[in-house]
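Quick one: the structure is below, and I'll ask about it shortly.
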């Protein structure tokens, strides 16, 4: 038990079920003196929240976050920060029919077996609804990283089913409901999603996140390597089935002479490594990719079993995203921000005053 | 700092540099009563150790592990287990020439920047040599998992450069120096590696691990999900750049109707999920894949910088694996065993006496 | 940072300031299936809450706790439990006058120096108000310990200034506002406190807690010994300056022949050890004592400095307990329950199925 | 399980039994650049080691510590430090007679019940022998604290049975085998101990430790308060039954007007608090006291039970300290140094660049 905390020095602990009274959490370890308001956190919550486009679930939640503690006269005090989001649109009745059955692809069966019973309303704790608090907590980390260190964390949709993104223009990402950074692919995405909704099916996606201006030196080998903690964070996002740093699975068929990033006095000449060498940030962009499975809740009929181990038919009605990957973009940003924040503090603890005689080289040329 | 421990209840803490006096570690949390000898651990150490074939480094290390504590009259006592492997073939002179330069693709630059200096002999702490202790610790976990729960953890090479494996026969894996489970590919591997060595270059690889007979219920959402911890463990292995659970990156272009694994009274009919749903084991095989980058130490000439930020030529001489992926097989097994062991204990803590009214269904049909 | 969590497997994380919007917390790791209601937790909250007698602060707080998650259909689900208590009687204006000065004996100066500023309203995070959440969380632990293992955790006032308790009758403790277990001392306490209030001064106290029916075997040497964790828990209660297990400081002048508790087939013949040997519970009563300093907020005039480092006079007005030790009784119970709960889970993880060939002997004769 | 680690950022993990091959440990989180040699650590090991005077056990151990990793060219590298001390004088035969019996006052019974069996040779893991590694690890912390921050950690014997210490002169402490800081009490101690040895009995003791030049601001409320962690550390030392900070148990009968330490522009005028307010260091001396029970191994005959639950006679022969409190002095210093080191790093992580507008006042006048 007790798996609801993330981070060692900048620690986020969350609670809350999809259709309970509220979801919430505690951010512990935020340095004092950071100006933060609920509005700051709302920006990303609004990006993640349901009901914003026809491509996401119709459930309507304002996702208004309340800061209950740890901020005084507009600034963090260094004490723990309580966060709360009340659930509003809790149509529990929608979910009575899943009480006694295990939806394929969902956590119904595993929660039931692990705990002996489960809060079946909308997936309970296994619902992606809890990620709203990750986004709020990540918002605090993002603000600190940006204001104190100039670090930016930028996510985007890099593939949706067969539609791949060819060009990454971060200024485009937030102008469309797909978080797609390539304007030329918006029509293709729109068309694909319209057809998909008609078919009642769902589709997987690839999401990428990049962190810019990360200083060299973050990561604590040999187990708490920066890449290992990023993998933990990303694979811990609902529906994620694969994580890559830098070239990822492409390295399988790369030669050493091809993969290694050459250092020059002006900086690295390439970034196959994705900004991490030996588990420690290089000062280049941190590049992370992840694969998200298609939503399991679809209206295409299927088979499953009920609690009495009997075979039954299943058609998931209700309000669901046909591609959960889309709304995962702000969640992935939040998780990367949490990892970087935690490792910034850990590195700071260890190395105050330590300086290499070699100056850091510039980022990727 | 303090990133050299792994696991919450079954905790492994390691120390040691490539060319120091010794490497070692502490396994804390092993239940009492397990029969264990140094010979038990030696089996996997011998599988990982260098110098066993012409496809691995020529460095010769016996990798003889000593159990210093925690075992009495042949059985674990429940107290912490000290492990020690003395370094023998420490040709430090081989490495004097890398003292003032940063080998591309290695952790030389990041360690230097992080810590202000580094033990440059053979990569110091960043060398994969430290993984020998992970293998020894994993051996304890593997024995417990096997003897008490019948769980088996089986790794294999699934791709090496362009050579893919078509068939997985676990009885073949340990009969060849590639850990290849497909007998029909041994000639192709042999030929590819011979050419590669001639060229002085290196190549990436894909390694897979499967765990059989894992009970349903392991994993602690929402952050310490089983898949998240596996991703942490695997991405923390030297050279790993990508991790997949189940279908991994293939899910990007899968439909929901295609991906979801149907439950029947006789068990699941497929295992796209790779044995984890909602971060909790399903009782099916846990299936993990990872991508390992090509060795950065190659004799193909390249450019880099020295500590004075001057551009210099580099040709890595010395003893290196042309494909680090090969020897990663026992390491990947060890890390998966450590994750499963830790989560077995964590689940046990929480749920003693808890039983679902639904009986677990059988594994994958 | 991030020091607001307690426990490894049964983990409590808290937030909230004395005069903020609310205080709250997360209980992570409670086994599923425990019946729990807000009323269950209210019992101890009411024992701790201010304004219940003339011997405690006049601040009025209902301390009504809300369970926000982790409980479904009346039972814990195994997921994290969100707890919330809204602050009501937040007379911040009372505290404007302490904004720029450091009250002696309080944490004003240390918080200001540590964090660079502080929430000065009523002591902010350093106020004992946060302990209400500890009491609520401890209530969950107490219920589990009692219902599943028959363990009872019983606190009482054992000394208040010069008034010592001679007899411990647990049935008396909750019948008086002093939590005094000795009926014959109630008049003396009443008289002492009346005089004390008149003088405007405050007084220290000794509080004791005993845990009954604790099984043999709890505690994880060598650092997470049961007694060490109890000491951590108790010294972490506001105002506590000393902690004893069993005979405590009396052992300084004891002989070995006097101190050692003899084992007989019928059980131990004495309990000088206080129920812990080698950091592991013996099966006897766990006996803990602690010393609490007098309230620093008194109306006896004193000197201190302000933020400009100038000497000033100080007289603390406002609502304060003349003896904080009294209300510490339910807090001490809660903390002991949290330690026992955490160690029960930790021991369970490790030793499922392990049995000594020696049967446990009975408790203290 | 897994209770053999101490500290969050500066983490010590230990292993080893009294009569096993070796004891050892890992220090993880030491900042790079600290000059350290085995000789540095040997100083305190020699103070703790057995066989140095007629008042301690006659067991002879050189306690020669080996640094196996983490130090390169005389300086720490920032990687984990492996420590090893081989056991030499392992007269296991001395202990065959305790194999099947539970020595009163020892951990024999609790280890046997907890783990189902135990390494009975000399107490196995429960022997104070393991504290040698704590002393070695603490030596690293002490050196860092001293060299980088000017912090000194000074322990001494403050009472032995009825002999109390009246005057603390730290220059006297290490000139006598009692670690007594009061020269005028050496004869009384000598006489008392001679009589005690003749009687075959043992005696308790009080040990104190003070830390000087600790900066204001260490400690992480509300659970990881500095005083709480000190209590954890001290109560975790074998035989300790009570811990006090500052005035400790004397506060029970103190008035608020008497206890509170007045702040003046020149510093605090007293230190009843023992250097901690609200769980955070004040900048004054940290003052800690602890009570150690008398050795349970005495030659005064007693009763106990064997593994078959039969009553038997017991007379402990062998080599034992008549007062374990004496050799606890360097152990207590080590543990306080470990706590301070850990909290120094934790505070540094959090508050880099944070500065109160109020300047710290001087220490105790």
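Remarks
So that you can tell them apart, the chains are marked A, B, C and D in the order they are listed, and the count of residues begins at 1 in each.
Simple rule for what comes next: a residue touches a chain if its C-beta (ideal position, glycine included) is under 8 Å from a C-beta of that chain, and two chains touch if they have at least 3 such contacts.
These numbers were taken from a predicted model, which means no experiment stands behind them.
Separation of chain B from chain D in touch steps, taking the shortest path, is 1. Farthest from chain B in terms of Cα centroid separation is C. Measuring from the averaged C-alpha position of chain A to that of chain C gives a distance of 38 Å. Centre to centre, using the average C-alpha position, chain A and chain D are separated by 45 Å. As a whole-number value, the distance joining the C-alpha centres of chain C and chain D reads 26 Å. Of all residues in chain B, those touching 2 or more other chains are 1-5, 8-9, 14, 29, 31-33, 78-79, 114-117, 125, 221, 345-346, 349-351, 354, listed in ascending order.
The part of chain A that touches chain B in the complex is made up of residues 1-6, 14, 102, 104-107, 109-117, 125-126, 130, 159-162, 201-206, 216-217, 219-225, 227-236, 238, 240-265, 272-274, 277-283, 291-298, 300, 302-305, 307-311, 346-347, 349-351, 354-361. Interface of chain B with chain C (complex): residues 8-9, 29, 31-33, 78-79, 221, 345-346, 348-352, 354. Against chain B, in their complex, chain D makes its touches with residues 1-5, 7-11, 13-17, 20-26, 28-33, 66, 68-70, 72, 75, 77-82, 84, 114-119, 124-125, 345.
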